[in-house]
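Supplied in structure tokens, the structure appears directly below.
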């Protein structure tokens, strides 16, 4: 696992604001609390996420999605994954009529931006919900689990935890895992890049992933305790 | 596994045209061969996919994406998955300067549209490439593997293969598997819906999925032999 | 007139679902009943249509309109024509607060897709409205006429009924007629392609068109009686 | 026929610039000559048209299409009709590598904007092509015919020529005719509004339309002679 | 200052309709009164503006923004300026629940289209508001000031008032001024084109601008008196 | 003037990367060098800017422009201003065939984001151009001036330098100044918010603005010397 850092209160306006780093990957995750449920749902609240990459977070400048007039398929896929993962940690009915929006903006990319976003976004979400609880806007505790995410892959024939950009670009297979504090799975997304992977390889990846998740859950707890 | 049917030559213009059914789910997969590589790639060909759902393929009418002016995140996620999966069965450098586009249009939906699309799309793709080989446009055989896809999930506490719409809507966890003829994985995409799933559950799902994939690979071979 | 076939109940979810064929042209027409009137109209219901062409319905693959982010001028022109024509057969005030949406999706194109869509869409609309009447959602019968559509043109100097793609591409003039069971006109849309057409030519085209319409009205009646 | 006026040279930059009035309907038609053929055509030139309505050309303000981010179906249908009609008067191969774009912008609307646009656009197009001929950019004369357009309809049970807004809004049937100097048809577009129209009614409308077209062709000739 | 002309009642439907000319620049300004406030504001009315340039208002044809699917940054900047400027002359709370929309469409461009639009738009707005006052829709007089706009710049080393297109294209610095009848500033927008401008140059430009504004205010008063 | 901080090298991929703070306003400015000139220009390079605000940079969450499918008029106005201002400091012909894109993304907003963006963007641009000079991609020094920007306004009747959000929201008049090291103006953009401002007030604002610009130019020099 690369060096992990979780800095809370990185910006001042958001109810939760976290700068998360996995090595050189740096993602600003803000959690915004708004008093409105989603249009298509009568009762209870909602947790949703949006993801963006600053144009020059990467080696070569990417086109700004706002200027292009649409979000790429990759962006949409990632933000759907983040939202789905974070909802797995929340009892939506206990959220009342609140929507929590997690904005994950990548300031610097070096592999694993989506897993960093989920891991940091969880902390921002907890901060925002706790702020609402402190102000008595929400009763009880809607957070009913802890989740974190990590990437694993096979690079140069060996299983690797938390791939950086170079490893990710050359890996034979790449998997993103979202797991909870009980060691159970929220999401398993594995893709063969070069060659199809065998059941034994899958098992190895799940093993090292679980270990990485353990470290991340610990880092989240330390950060939340430190506030 | 629900009843599977793979009808080749369903429409007359496309180089490959397959109507695939998994139970009441019916997807028209056409493969179009065009002499052009992708703009961002100097050598070799490309395989890509597009996915669409006819507005009334579903219980209630969905809005037409062309009229809304954009494809939903779900649509983009699915078509990216189909394209990625089918590329895993093809040696792109052997495709020459050809692009094969697989259009998967759902005529009737009852769960598993993406896995049916991958399974049927594979057959349409083989037909289109074989047609080009017969016309000597492509030398050698760019197809270097066989792939199929199936969904598995946990419904009412029990593992279920090839979920229909009712099962899918109520399942506790839902996984799409793309595998090849060697029993290796191309894609593993599992999502907890109700509760996080345990390692043992994951293993059970992979076991029944592999069995379903075996049946689908057999159905593909029969269909291709029947031409 | 090419061989005409009208298959009802082609898909299972829609209130009306018809696969119509004029020769090799095949259009799936579904009619969806929704309890809402149009926003701009206080009383009575509405009938509207949407048209789409699957990317590989044609000789060469057309770009998917959903991916391009807009419907072409041709698509809009056609769906406006279909909607206007079908509304001429319905007493909108008797529809109550219902909107019937006719989706016409071309599975295979060989000339005359819009006339096939109108002819098949009429049958789908009748089925949807009758289903609503059977469920007592609508009282009385809002259908107050029967309509069908056919193309006519001058090809190689001779008037031709129901042009296929080859004829349509080379015709000197091309006309779409929508008529009712009384032999009166709902729409007359004639366009000179090669040379301007004379009044006598127009008259000849209207004569053969009326004959074709007669056959189509008969085919509709048979299909509806067969249900 | 309402009072017709055709003022050439209404604005100074365009190669052809005509303010055409049919009664209170006023349309500014400019013809722009650009040295480029259309992308999809190897040889010869092209004639195309664009149509717009100023937001307050009408009784109540319409939304600006540029602000809405798309042209309505009605706008596209009209500009396709104008372009198709004007092309019928031009030998495109004699245009060389030039594209003539006719912009028809409605300053004030009172019925018949598309027929006024075609009639005035023809004069603007002739002016632009003649200017190019005078500058020896084009040899020979690509104009091989004269065309004009008029609307006819049945209002209060009687055939009416050149309907104004009030008549158009209440007519039972509405037809746009584009004809040439030989009295032949370029376009016939008739739509039943209230009731389906009979063959005899169609004939009556064609008769009075032909008379109106005669007057418009004369007005065009006078305007062009007056330059 | 080039010759200025302000023609009221140029079109018949709008509550205020002005054709304003600054030399060869001609802009049609219509003011539309609608009974609705802006969505984001509880009380009082609103004044807003939209700007457009007909495609061939300029030397070479510009692409139609409606066809391109968006307004350019320049268009948006100009219409925001026009709206902001005109609001400075109106007591919005006295407007009641009315929105006045000023549409400024450039028929012919020769420099200074935005300043002509503001100057003519003011007159159209006054006409529309006076019409509403005459109909007792609005009590009191929401117009609490008079404003006009002019461009100034340094061309060939000398300060120039009301630049035409040639001067504007070659100027070293370009400034748009919006001022009221008291000689105070509503907007000052100066941009160095070739070289940065000194404080003395700025002062000179403000001096000649104030003189031009005086003439424009007088022309507005004459036009309004002449109604 | 609020506390100003200019941190170079804030992210690692961009040729120039600056985090600029004016009080609590924090903007990340990256400069990207790409070997391509603009399409519409034969010789020489180009400098352009894009601006964005992270959704939760503000008190309440703003909608993400990429998700909305377009940049607001405000965003476009600001990025045009930034680009225009920075180009005034560069000899474009000396840039060769390079385009420098300055991305200004607001991480936290508290008034003055555009002036901070220009001031920080200048430093990022100098870094990117110097990097290219060090790599001998560019000969000579295209930077021919130094520029900075500040806002000034009248708040509670008194002139204020570098307004924060609270001051900006309540000011009577608001002006953005871009000036160079000689004390000359690149841009002057003043807007009356509450009441029109007098010539003396304008003069006072220009005086305090010049003083603020002096401090900013000094801060830029210190930052650049510190590299």
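By letter and in written order, the chains are A, B, C, D, E and F; residue numbering begins at 1 in each of them.
What we mean here is this: a residue touches a chain if its C-beta (ideal position, glycine included) is under 8 Å from a C-beta of that chain, and two chains touch if they have at least 3 such contacts.
Everything numeric here is computed off the predicted structure, so don't read it as measured data.
Between the contact lists of chain C and chain E, the overlap consists of D.
Averaged C-alpha coordinates put the centre of chain A at 58 Å from the centre of chain D. Centre-to-centre separation of chain C and chain F, using mean CA positions: 58 Å.
Averaging C-alpha coordinates per chain places the centre of chain D 50 Å away from that of chain F. Shared interface positions of chain B, defined as residues touching 2 or more other chains, are 69-70. Listing the chains around the ring, anchored at chain B and oriented toward chain C, produces B, C, D, E, F, A. Interface residues of chain A, counted against chain F in their complex, comprise 11-14, 17, 24, 26, 28, 30, 32, 34, 50, 52, 54-61, 64-71, 75, 101, 103, 105, 107-109.
Chain contact summary for the complex, chain B toward chain A: residues 70, 73-74, 76-77, 79-80, 84, 88, 145, 175, 179-180, 182-192, 195-199, 202, 206.
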